[in-house]
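Next come the structures, one after another.
Each of the two complexes below includes chain A, the first together with chain B, the second together with chain C.
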Partner chain A sequence: MVNDNKLARYDIDAIRHCRFDWMINKHGIITLLLFASMIISSCGKSPQDNGTQEMVLYSALPSKIRGLDPGDIGDVLSATVAGQIFECLYQYHYLKRPYELIPQLAEDMPEVSADCLTYTIKVKKGVYFTDDPAFENGKGRELRAEDFIFAWKRIADVKYLSKNWWIFDGRIVGFDEFREYTKSCEKAADVDYSRPVEGLQTPDDYTLVIKLTRPWPQIIYLLAHQPTAPVAREVVDYYGKDIVSHPIGTGPFILKTWHRGSYIEMVRNPGFRQQFYPTEGEPGDAEAGLLADSGKRLPFCDRIVWTFIEEDQPRWLQFLLGKLDSSAIPKDNFAQAVDMSQKLTPGMKERNIHLKTFRDPDTFWIGFNMEDPIVGKNKPLRKALSYAIDRSKSNELFSNNRNDLAYGFIPPLMKAYDPNVRDIGISYDPQKARQFVRQAERVHGGKLPQLKLSMPGTDTLSRQMGQFYQRGFEEIGLDVEVEYMDWPTFQDKLKTKGAQIFSLGWIADYPDAENFLQLFYSKNVSPGSNNFNYASDEFDKLYEKVITMPDSPERIALYRKAERLIIEDCPAAFLFHRVAYVLHHDWVLNYKPHAFQYGLSKYRRIDLEKRGAYKELLKKSR
Partner chain B sequence: MTTYIIRRLLYMVPIVFGILLLTFVLFNLIGGDPAIEMAGKGATAETIAEIRAEYGLDKPLFLSWDSQFINHFKNALTFRFGRARDRELITDKILRGAGPSLSLMVPMFFGTIAISISLSLVVAFMRGSKWDTLIVVVCVAGMSLPYLSFILFGQYFLAYKLGWFPVFFSHDLSTARYVALPVIIGILAGLGSYLRFYRTVMLDEMRADYVRTAFAKGLTTSRVLFQHVLKNAMIPIITQVVLAIPFLFLGSLLLERFFGIPGLGYLMVEAIGARDYFVISAMTFISAILYVVFNVITDVCYALVDPRVSFD
Partner chain C sequence: MTDLQSATGLKSQKGRSLWADGLCRLRKQKLAMLCFVIVAMYLSLAVFMYLAETFQWDIDVANWSEEVGDSYQPPTIKHPFGTDIFGQSVFRKTLYGAKISITVALCASLISLSIGVPLGAIAGYFGGIVDEIIVWIYSTLSSIPYIILIMAFAVVLQDKTLFGVKLTGITAVYLAIGLTSWVGICRLIRGEVMKRKQSEYVLAARSYGCPAPKIIFRHLLPNVFHIVIISFSLRFVSFIHAEVILSFLGLGEANRPSWGAMINDARIELSRGVWWQMTAATIAIFLISLALNIFGDALRDCLDPKLRTQ
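And then the complex of A and B:
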């Protein structure tokens, strides 16, 4: 065997020089040709180089959107995209802060009865749905008040499976009965949408009357919330379940292409009514050039293209190449964009990139399941866990020190935010945490068992954060096992009250602290939004009182009182409120970040010359 | 041959049944309730119940003619996969994703095969030389590097720094343009393991008597390598190549995700993440069918390239 091998080796060595050069050359040439053809085919003009004067807005979406049927929209990204197509009765003023509502499809602000139970809203005349085969002769018809009622009845229809029933649950006279009626229907097709609802009436085509079961001051915000946008019945009948892919609204843009998981392209709605850029803003807006287009007709852009880019690297590189107009700053590229003083780096300034920061309306926490026999019954234990989390270090490690540390659940963006909350809120204090551990052991009647923290993700960041919390708990002598799970599993655990300690947050639907308070209301326990399963008579009474109150200093005081109650009972360790850092190129005009960013593309304008100049700058830098 | 093929196709019946049973049981054992996540943040018990009813999740698992398993079975066999959780038809999703996935995977796969087989012949021919050593070292290094590093490096230098390729998909680009870089990266990343495998196969053949005889008869090197050695090395090559073809359909998660290719790799992983059982089930079923069919094709190919293999 050995000899055979030697012989084979000898033979191969002896003959390998014969025609080898020819082989190398031939294969090399083929390979080179293959590569060259690929490279040549891949070089060429980018979409922005097409030489037209068309104004196109290029943006990225960090994840896939779930749908464009307003009644079923439950995530911020879908609402952001759908907001260009669908409009609501009200919208947030683009420039004014604090956030202020102004009419959109409504003629004016609602007329509210003295008992605050009846809202009369005049719907604008001359607003048309965009043309679509669903309408007679393919021409979009005029918007009527009944289109709102139809859209809301869809949400109430249990067969439609909307995520948004929480908006109307128990609020409108006779609407809960309508929902009960839909439950009795065998099939979705059996539901009769012409069935009257006492609290929803249209005396004429342009008047909408809403009767409430009890005062509900937040209704105005929800009338600016995407799920309450009007839907034409003809479109629902025409497309059936495929309506998710055929959004037909009254907004400034029309969906041209939605290649799911890839990109969305919208074009300007040629029939969009006259709407103008705001003429007033807040101090500093004029100096920042944000009022330069005052009074000009909207929208400015001809097209919008959203590309789904989930990974940070390609999104960041596309932005630097000028193929995206704006971008968030990936954690790993933060130092490249922002220096230690939180200002733009010289490299970014050379590229004429601008930095904008704004507060998100959110709060993140480590939550405790109050129905859990260990954690729920042991307040000192919850306090010990809360004191053991080094929020500053976490902010530095995972967020480049971008976020505001949280001491309560009301974010600084809200009017009800209490600047003194840090005096009573919990911050990192391992000494205090150890004292609470000793108290917790007394309450428990011995050594505490191993605890379980559920993290909503299996990615690297979730694991790093889980390990960070675990280490903090270990330092005060607590044994905490961290479980990493995908989002559906995590949701399953929360909704079935199976999570003991969990990491979660809440992004407000509207700028009213009530949206946070409801997270602690005992009637909302899992599978509702109260994932803490927190129940307190005192808090409930306060909540029930405050939700019917109009905006006033007294209401703010009660919000803050409710927050203090929660801080004291400690169903959660509040961690941070996000502060968004956004970069945009100088060719994007009228760029003002907005926490409720629905339908903002109509305000943006592109300076095509500056965009062209950036390409020249890039060429030179190469 | 026809009898053989029919017999093999009949074997598919229990295999397909087993696959359907296994995916169904696994999903129901491991998975939680998909209706809860679908119901959203303000979920009510009644909405969750309606979602279960809408998707047939309220029916008995097995012991009924209208059970979830029987429906799962019927839908799969008729290729009527229904709607995904985002209410889009699953067949639409699959048909839309198949093109981009295949346009990435087919050139990448056949490019890797062609280059690795050609190079393996050369390397086997030069066995023991410094070129052989160098290529083996490069192959091992390539195998040791994570796939992701090829992607990050390629995207940063070849696309961003040098501007030779687009960094990411754009709807205005032709398929060839946005697929070029991921294909090259896929070929380079996969070359090491393929080349090492084929080198071993080729070396075994190089030592055979018929090679010496062929050279002794005065045949040219290329004729000996490409006509004789390659043909005799075909059995392991066919096994690897043909059985890998069904997986081309599944796409490549990382490449698709980093370069924005709207293919099936991403669809599958996204469905797993979102626990979209309906999409997972459809994709698993199609992949399984393809795998079984290509297994039969592999066996037929054996007989075609090797006269010693008979259909009996």
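And then the complex of A and C:
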């Protein structure tokens, strides 16, 4: 705070000096020009620095975001931004690990009936949407239980074309029928959202009753998932399709400016209800200073500014200049930031930069299309391809040895992760791979034809990774052509079952291994999420059994059994689980990495004095 | 004749054709000849790489995909331009890149000349509505920024099948460049043919009842061919640049090294201090660009009668 005051004073001093020059200088025009330019440079406002003592959080977005309508949010970046504006019934505890859900817009955790089919949720009273012309007199109205049902019905509406119907598909009594009804409507405007759905009831304004078609223990995670956030009907009616640019939620921040392709600016929601920083965390949090703000009212920051910076290098340099509060480490700058012992380099320490690492809930693989006549019908060929990939080398070349090598699909972050999976999983073994090639040739009945690997990108990294896999396959005598394509083309190829071998991954939506199991369920084959087009009666039976089970050791055992089944059938060669390395400046307080990082800016606090000191440090180093 | 010579005291002087005269002048320019040698070396290298790949010759320098050391090894005497991310020799990749660039430039030049020259000649000779249509087509094409047009063609042609042939990698690149860059030569030939179509030899051919195609291709084109040669040499270098740009943008050859792809790779490697891949590709492009430009200029000086100063 103190240093920012100083900065403001410097600006005023600059103007005073100009006035002084003006009075004593006889070359009026030149001085006038100088004066004008100094005024402009002193007073010009940019989202980066407006010279006030506000607590501002500066972040970067690596690409443009699609939109901020929660019902249609399907990408991480949009969810990260929208998470500051929209809230869900539940949220993840900021500090506790393993990840734990706590109420956000709900009064309490849900009441679940004995048959696990009815969930009764009390919605918090006194929660208001932010003020907006869409509401009567421009004043945001109180949140009601029906706002949730309206938001979910939008997702069910086929005319709305949400990509999030998978959340509710076949889960809620009468909801699939509502979706069918929307198909029969000619125009989007014809859909009657007041049409009742048996499984979604609101006995009063603050009670939500959800009736399920079958037990669904994961529902609680989905109620913390961004697309299930409430939406006010007035806002949808007022803005129509333009709602993607007018996000009106109940969260701690309000969208102020969105210069597409340039920056997004949010300001604190003045009407945000009383919410406080957590008072407990996991062991070590207190020592790390993460409980220093316990019980204090959220949010701490006045503004958030996200700048769109697509290239790694400019983003990295902006971080080093102190214009971004935190940053991931680009592959080619890793050695500059982290030493061989995976600790910060002295250069980073001198800048008071902190390193945080955490496991992402994801798995990446080379997938095989099980409906492909060559690869799908030839298990030894799939095994040969799996054994031919040198995962350690790939980790070294492309990820600076940051990632965990994958042997199965359940990431180490999950409770169901099997520590013994390494013993049964496939790792690099070219000798074994060649043996499997010979078996594969016998199965195929002759020399194997050229195979095709589809890569989801045309950038340098995708190309290098493609070449790396190709070299591995060539080493064991397989001829593989690599084709590089942009993301939409790649998606089309997967949806139409046109990819023979493909490189892909999955980032979990919630910390339950079920989110990975559904990727292999036969009813989810392309265009669904089962891009492998894998179908196994044994796996299906296991999956159908396990999805209705509550969290228990039996369920974990079944998850692991399903994983072993997949490893044996080999519809994919599992490669790695990402471990994120994040750097942040010392002025960012309460910084604890989170795998489900949506709506976390409210916990961050900025030490303005330290931020100012960094500027001085940079000046000295120059 | 002998009597006349002895009577006038003049020695017999054998006449020189435009080409012989041009070649004679060119030989006198040492710098141009040096550049010609450089260009010839690049062409030989491209042919050598092509043959080595086709007949799978087991020669180290042609085996660019071999892992010769650790990744990102700085230049040494053994590996003059160091190694890349996979430990492949950057020197070998640079040599192989010549094949890609020369192939693209050559094919694109041939395509653009085979479109631009006949169209220009037809437009210039017939005039009227034929000329207007051709001028309208090339005016429309040239109103679109060149690189954007090439990129659009490259994106559209990528992975498409044309007459049963799949357009992958450099095929799509040289087609894209060739199909979009014939406008300049078309204009030149059109103007030259318009100028020459009233020449005595054309009028004579016409009065003998010679058909128009024969007049164009038999009489007019050979007389304007020096323009084609000059244009070819100068355009060759711009086509190499276009290939580099397309490869840099990820629209070129994906599975084999090219100079553009090397520069694209090096872009992100520079921050970790890996400068050798960028340097190698840049030197290769610089040398051939410079050589072709100097040689092309000298060729124009020698072949264009208006520019002859000596």
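Please note the rule applied: the second predicted complex is superposed on the first by the 571 of 622 C-alpha atoms of A that agree within 3 Å, B and C clash if a C-alpha of one lies under 4 Å from a C-alpha of the other, contacts with A are read in each partner's own complex, and residues count from 1 in each chain.
To be clear about the criterion, a residue touches a chain if its C-beta (ideal position, glycine included) is under 8 Å from a C-beta of that chain, and two chains touch if they have at least 3 such contacts.
Keep in mind that what you see is a predicted model, and the values were worked out from it rather than measured.
Within the superposed three-chain model, A:446 lies out of touch with both chain B and chain C [touch as defined at top].
When both complexes are overlaid on chain A, the residue A:159 reaches chain B alone and has no touch with chain C. In the superposed pair of complexes, A:67 makes contact with chain B only, with no contact to chain C.
Within the superposed three-chain model, A:313 lies in touch with chain B and with chain C [touch as defined at top].
Within the superposed three-chain model, A:527 lies in touch with chain B and out of touch with chain C [touch as defined at top].
Judged by the number of chain A residues each one touches, B leads among chain B and chain C. In the superposed model, A:259 makes contact with chain B only, not with chain C. In the superposition on chain A, A:169 makes contact with chain B only, while chain C stays out of contact range.
Within chain A, the residues touched by chain B in the first complex and by chain C in the second are 313. Residues 4-5, 7-9, 11-13, 15-16, 18-20, 22-24, 27, 31, 34-35, 38-39, 41-44, 46-47, 50, 64, 66-67, 69, 74, 158-159, 161-166, 169, 183, 241, 244-245, 257, 259-263, 265, 305, 307-311, 313-314, 317-318, 320-321, 323, 486-489, 491-493, 495-496, 527-529, 622 of chain A touch chain B in their complex. Against chain C, in their complex, chain A makes its touches with residues 312-313, 316, 330-333, 335-336, 397, 458-460, 463-464, 466-468, 470-471, 481-484. Across the interface of their complex, chain A is touched by residues 65, 71, 85-86, 159, 250-251, 254-255, 261, 264-265, 267-272 of chain C. Residues of chain B touching chain A in their complex: 31-34, 36-48, 50-51, 54, 83, 86-88, 93, 96-97, 111, 115, 118-119, 122, 125-129, 152, 155-156, 159-174, 176-178, 180-181, 183-184, 206-207, 211-212, 215, 220-222, 225, 257-260, 262, 266-267, 270, 273-275.
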